[in-house]
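First the structure, then my questions, so here it is.
Chain IDs A, B, C and D follow the sequence of writing; residue 1 opens each chain.
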Amino acid sequence: MDFGFTDDQRDIQRTARDLLGERARPERVREHAESGRMDTELWRELCELGWPGIAISEEHGGGGLGLIELGILCEELGRSLAPVPFLPSAMAAAVIEHGGSPEQRGRWLPSLASGESIGALGTALDGTAEFVIGGADAQVIVLIEDDGSARVLAADEAEVSPLASIDPTRSAARVSAEDGGELLADGCAGLGRALVAVSSELVGVCDRALAMTVEYVKERKQFGVPVGAYQAVSHRCAQMLLETEKARSTAAFAAWTADSDPERLAEAAAMAKAAASDAGREVTASAIQAHGGIGFTWEADVHWLYKRAQVDAVLLGGAGRHRARLAEILADKVRASAAA
Amino acid sequence: MDFGFTDDQRDIQRTARDLLGERARPERVREHAESGRMDTELWRELCELGWPGIAISEEHGGGGLGLIELGILCEELGRSLAPVPFLPSAMAAAVIEHGGSPEQRGRWLPSLASGESIGALGTALDGTAEFVIGGADAQVIVLIEDDGSARVLAADEAEVSPLASIDPTRSAARVSAEDGGELLADGCAGLGRALVAVSSELVGVCDRALAMTVEYVKERKQFGVPVGAYQAVSHRCAQMLLETEKARSTAAFAAWTADSDPERLAEAAAMAKAAASDAGREVTASAIQAHGGIGFTWEADVHWLYKRAQVDAVLLGGAGRHRARLAEILADKVRASAAA
Amino acid sequence: MDLTFSPKEIAFRDELRGWLAENPPAPEPAEGGEDEGGEGAQFKWRRDWQRRLYDAGWAAPAWPTEYGGRGASLTESAIYFEEIGRARVPMAANVLGLLLGGPTLMVWGTDEQKERHLPPILSAEEIWCQGFSEPDAGSDLASLKTRAVKEGDEWVVSGQKVWTSGAQYSKWCMLVARSDNEAAKHKGLTYFLMDMEQDAVQVRPLRQITGEAEFNELFIEEARIPDANVVGGVGNGWKVALTTLMNERAGLGFALQIRLRQLLDDLIAKAAERGLLDDARIADALAELHVRCESIRLLAWKGLTDVERYGQPGPEGSLVKWLWSDTNQRLTQLAVDIVGPEALTAGESWSYELLRARGNTIEGGTTEVLKNIVAERVLGLPRLKVAA
Amino acid sequence: MDLTFSPKEIAFRDELRGWLAENPPAPEPAEGGEDEGGEGAQFKWRRDWQRRLYDAGWAAPAWPTEYGGRGASLTESAIYFEEIGRARVPMAANVLGLLLGGPTLMVWGTDEQKERHLPPILSAEEIWCQGFSEPDAGSDLASLKTRAVKEGDEWVVSGQKVWTSGAQYSKWCMLVARSDNEAAKHKGLTYFLMDMEQDAVQVRPLRQITGEAEFNELFIEEARIPDANVVGGVGNGWKVALTTLMNERAGLGFALQIRLRQLLDDLIAKAAERGLLDDARIADALAELHVRCESIRLLAWKGLTDVERYGQPGPEGSLVKWLWSDTNQRLTQLAVDIVGPEALTAGESWSYELLRARGNTIEGGTTEVLKNIVAERVLGLPRLKVAA
């Protein structure tokens, strides 16, 4: 029983954090967010480092690492809010790799692994996905229908209408394709992995929001003492940590099950997404509140975290939907034990 | 637009508070609670003062006052936790008076108004009510079925099995009567009034819990200062006030609609019971927490309030059920405005 | 207890409602589009609207008739804001002058000040803004640093203010500054009317998380204020400012409460449209918001009763502001779950409401400060004394 | 990251699980029924159970083999408590001696103290209790008032203690008292082993809101303690007591977490039985409890990893205790909604759980204190200094 990262995993984490600390500074993120463009330079750099393919099998040109490693990158990218389409691309790749035929994997994965293609994943109703993260930049789009079936489409097979999301550090689009594309053998097989990826990103967002807040409330004084000394503020920060740690531990567990105990992934992924969605909303809202008036300004940058969290929280279903899914799993268990 | 009490109402409030402050001191309440007996002496005194009949029409021997006046007494009795069967009796009378035939009113109300009979009201499934407050002391029992039909029974027409409730300041019983009793013309007509009565009692419970807590945290010192100066405690107290005031204002509104705008009573009563049930649970739990270790002891008396609140909160349905009822009313309004 | 309006109040409401129905405001112009004088199209629209209210005698019904109001009672004034909110008309351009500046002058101003200032406030000829907050002071009014030094019959003022809404359109600023460095913290403050039309005063828009700039920063460098523009006497600024702050929440509360009600009704309709009222979880959350909305309405009216019976508005008003802001945040967050991710599209009104709501628990007294007020002034709990 | 057990750990678990299956405790006796020696039937049952654990070498597997334990690793020790919880066997009678007293002596005790005391702790021959809290001290250990005065080679102790569980059955009390009035607040404390079998020590049961008396008050009037019973040196009581407190939560946490899991499983089964899993509101609340339960399990194991990697348990353990207590309160409250008003019948196990849960956020560090600890020691926020 060991919750710690391996040395290799810690290396990945440290390298990623150092790189993004350098290349995705707040000013740079803001600049791209304000102009609504992805950071193509940074993306190219990440592609050269092999990030997009980290969890794609070596057979298809990826790094062949596990979901824990993918989660580490997602968390770091969430922390920095780097304006690159890493998450949507990784989610699309996971669904293709784990639900596609050998031919489909061979056709779509190599270019996603190299970053030559950008992927996106959306949930659709009758062929239309109202809000696909990364959809405007993607060449490969996976649409999962309510019934669990999924199709891979080249972007030009679909009608893609860019949307101005409240989080302009990442593109979004409405994607519509009544027919066309390739049906995946098992549309849902990779969904759990996609959920872990977005949950990990949310952990990074929460972690950064907490760190910014702690730093701020240690400095900012009111009535002569740092506001962080007041329990109204310090207990709020403690609550932010608790929410973050709930999200982090369930996301880590889900990542572990994906690689080591896949039968429990569906449940673990639903838990992780439920915990992370709630944490993302609450922790970033708390961060704004703890910053006081400053937190409400554009310049304070804390709002970018709030906006990313809002979008991620509803991505592939919000906390409510995943708790409903968990309740079904719990009900199945009760039935199974009653039948036994 | 005037939210204040009339002079007469204020007199009732003051008299009730003075009387109960004298006759239902904590020691006396504890003594009766520990022995599980109602305070017959106090009950006799209240009967002589005409309390049980306050909201029963003069025609049937009551005081002919309104639900606001009834609510004032319920609140004061809740504040003191006096071990008398006032609330169950008043709830039974309200349902009989507003849902019964003239004959039924003539038969049952006078003895309830004088206090000669004690009433009780329970919600039943197929003739059995699992938990009827005051049921073990009652001579007149009203059972409301899930379908909204209601029957009045003399206690000897039913199988009454006393239950040891966690709140021994009031009796409780399981009541079962497959048949027998008199069907009321409209079982639900008086239900809104019964809901307001129990909501008002909860307001009193909250108010007392807050008052005890404020007094305690002003005195109790930790690390050299009164604990009430710490925001962890003072903000908790503020939250208790907010919950109490939400419950108080919705209960007052519901009481007012009963007498002056009865078409809105169903909605207003559901709001009041939802707000008061939540407030009762939260405020009394907070009271224990703010008292620290002392609050967990039997001697501190704050647990009696918690126990009463727990029972009242589920009486005639908990907050969830009443919010579900409200949602139905809201949905009806949407449909009506769509049809208009 | 009587939760109905009197015949007089009903007549007042019906007259206003009738007038609003017959005099709808012009259609709302698009954002942006500054005209020559630097006045945005939106602000011009609000100024035009206030002029029409003024012409009809509806700009400030709560003001005494001698100053151009209607001498409306507190209840009538509340009705006024409820109806203004219900009709979804724009906010009067000079809302701070009407609600804060005017009433403060009526209490503390000299006859000359009243005569000079009240008419152009009412007609929207001169817009007012409020210069209380400072970057380093936050919730702590007593630690203001903007300094005023007497030179002859003028005051020379330097400092920085923040959260001044409408500063770019304003002629006058209600400014609180430190006029005595020696006096105890809140005793050395004075309340001034500062002319904004001088180079010494620079306005910089403060962009907020919604992307718009409702507020501004003021940079004041040796601005000149004639001694005649001191309000309420030198060194009395703390008290005068409190009068302003007391008035801040009273009327607007009713407009905000109605706005919340409208948003909730919109959301319930949306949920019904999507069949989500059958989802017990969503239904429960909406019903809870309904209970909160009604509590806010009831508590606001109850506060009014207390004022009418016992005089000044009590600190219980803090409960209403606290509950309102928390409820608006919950409501706009629930909207995302009901409307779906589309609600997070910039420009969608729900996304604006979601972002804007985050300011509710900060502006006009943070929730933390409101809880302190409730604990200390309503419950009488001891004040926390901290050591540095 | 590896969330599986090693073969050695699995063998440990299976051996214990097998032993527990083959050696079920006697049926739980009814409450009350004091026997001659004043020992309740329940406590006798727990003492008998510990003797059986002891005879099989399962009383304190975490203790080193030289003291009669198994030298179990941290993970094995956690497994031990999970299995003990899972098997729903009683708590060992001398739980405080096994978890706190013994380990504290192992760190701070003299060879004589270890030799004298460890064996009867393990065999339940001598029961231990903890005398830290005082009526006026609450969360503030440094302000203890119980006083110890040296007379010859004895200490004379007077004062009052509270929240001492099992005091009526105890031979020894881990007592912290003030041995030096002049020293700075927490420097004047000394840690003693006090013999409870003297008239100078009176035990009064402290009835709690469940009606039972898990805890006691101790009234100490000139009790005598030989100097040889000082643990860790005179004036070093603060440090020694911290060792005890550090150990307090570590092991028990795993038993509590399993107990929570069992309660939740019972509740889910109950909800299924009543068809309430189809009610989206109830299903949502249960699923949320499931997430919290799993988070507690994961965070508890994660804390163990940290200890194994970096030494001492970190203050993050406070998160687990905080989350556990809050979750248990929510769970037992939801049970009332699922089971119905019958859950509020005295004697019904759900009513007991509901009432008992209220103590969870108070005992073993109030939630308020835990939040302070998290803020100061994990997040590094400044400590609040208050002025009287």
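We take it that contacts are C-beta pairs under 8 Å (C-beta built on N, C-alpha and C of every residue); 3 or more make two chains touch, one makes a residue touch a chain.
In this text the structure is predicted, and so the values were computed from the model without any measurement.
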B-C or A-C - the one linked by more C-beta pairs in contact: B-C
Chain whose average C-alpha position is farthest from chain C's own: D
Geometric centre distance via CA averages, chain B-chain A, whole Å: 49
Separation of mean Cα positions, chain C and chain B [Å, integer]: 40
Computed distance of Cα centres, chain D from chain C, in Å: 53
Residues of chain A whose C-beta touches two or more other chains: 225, 229-233, 235, 320, 324
Residue numbers of chain D (touch at least two other chains): 280-281, 283-284, 368, 371, 384-388
For the chain B and chain D complex, residues of the former touching the latter: 130-131, 163-168, 172, 220-225, 229-230, 232-233, 281, 285, 288-289, 292-293, 295-299, 303, 306-307, 310-311, 313-315, 318, 320, 324
Chain B-touching residues of chain D, taken from the complex the two chains share: 133, 136, 138-140, 143, 162-163, 206-209, 211, 281, 329, 333, 336-337, 340-342, 344-347, 351, 354-355, 358-359, 361-363, 366-368, 371, 386-388
Footprint of chain B on chain C - complex, ascending: 1-6, 9, 75, 268-269, 272, 277, 280, 283-284, 286-288, 290-292, 294-295, 298-299, 301-302, 304-306, 308-309, 316, 319, 322-323, 368, 371-372, 374-376, 378-385
Contact footprint of chain D on chain C as seen in their complex: 279-284, 384-388
Contacting residues of chain B [partner chain A, same complex]: 230-232, 235
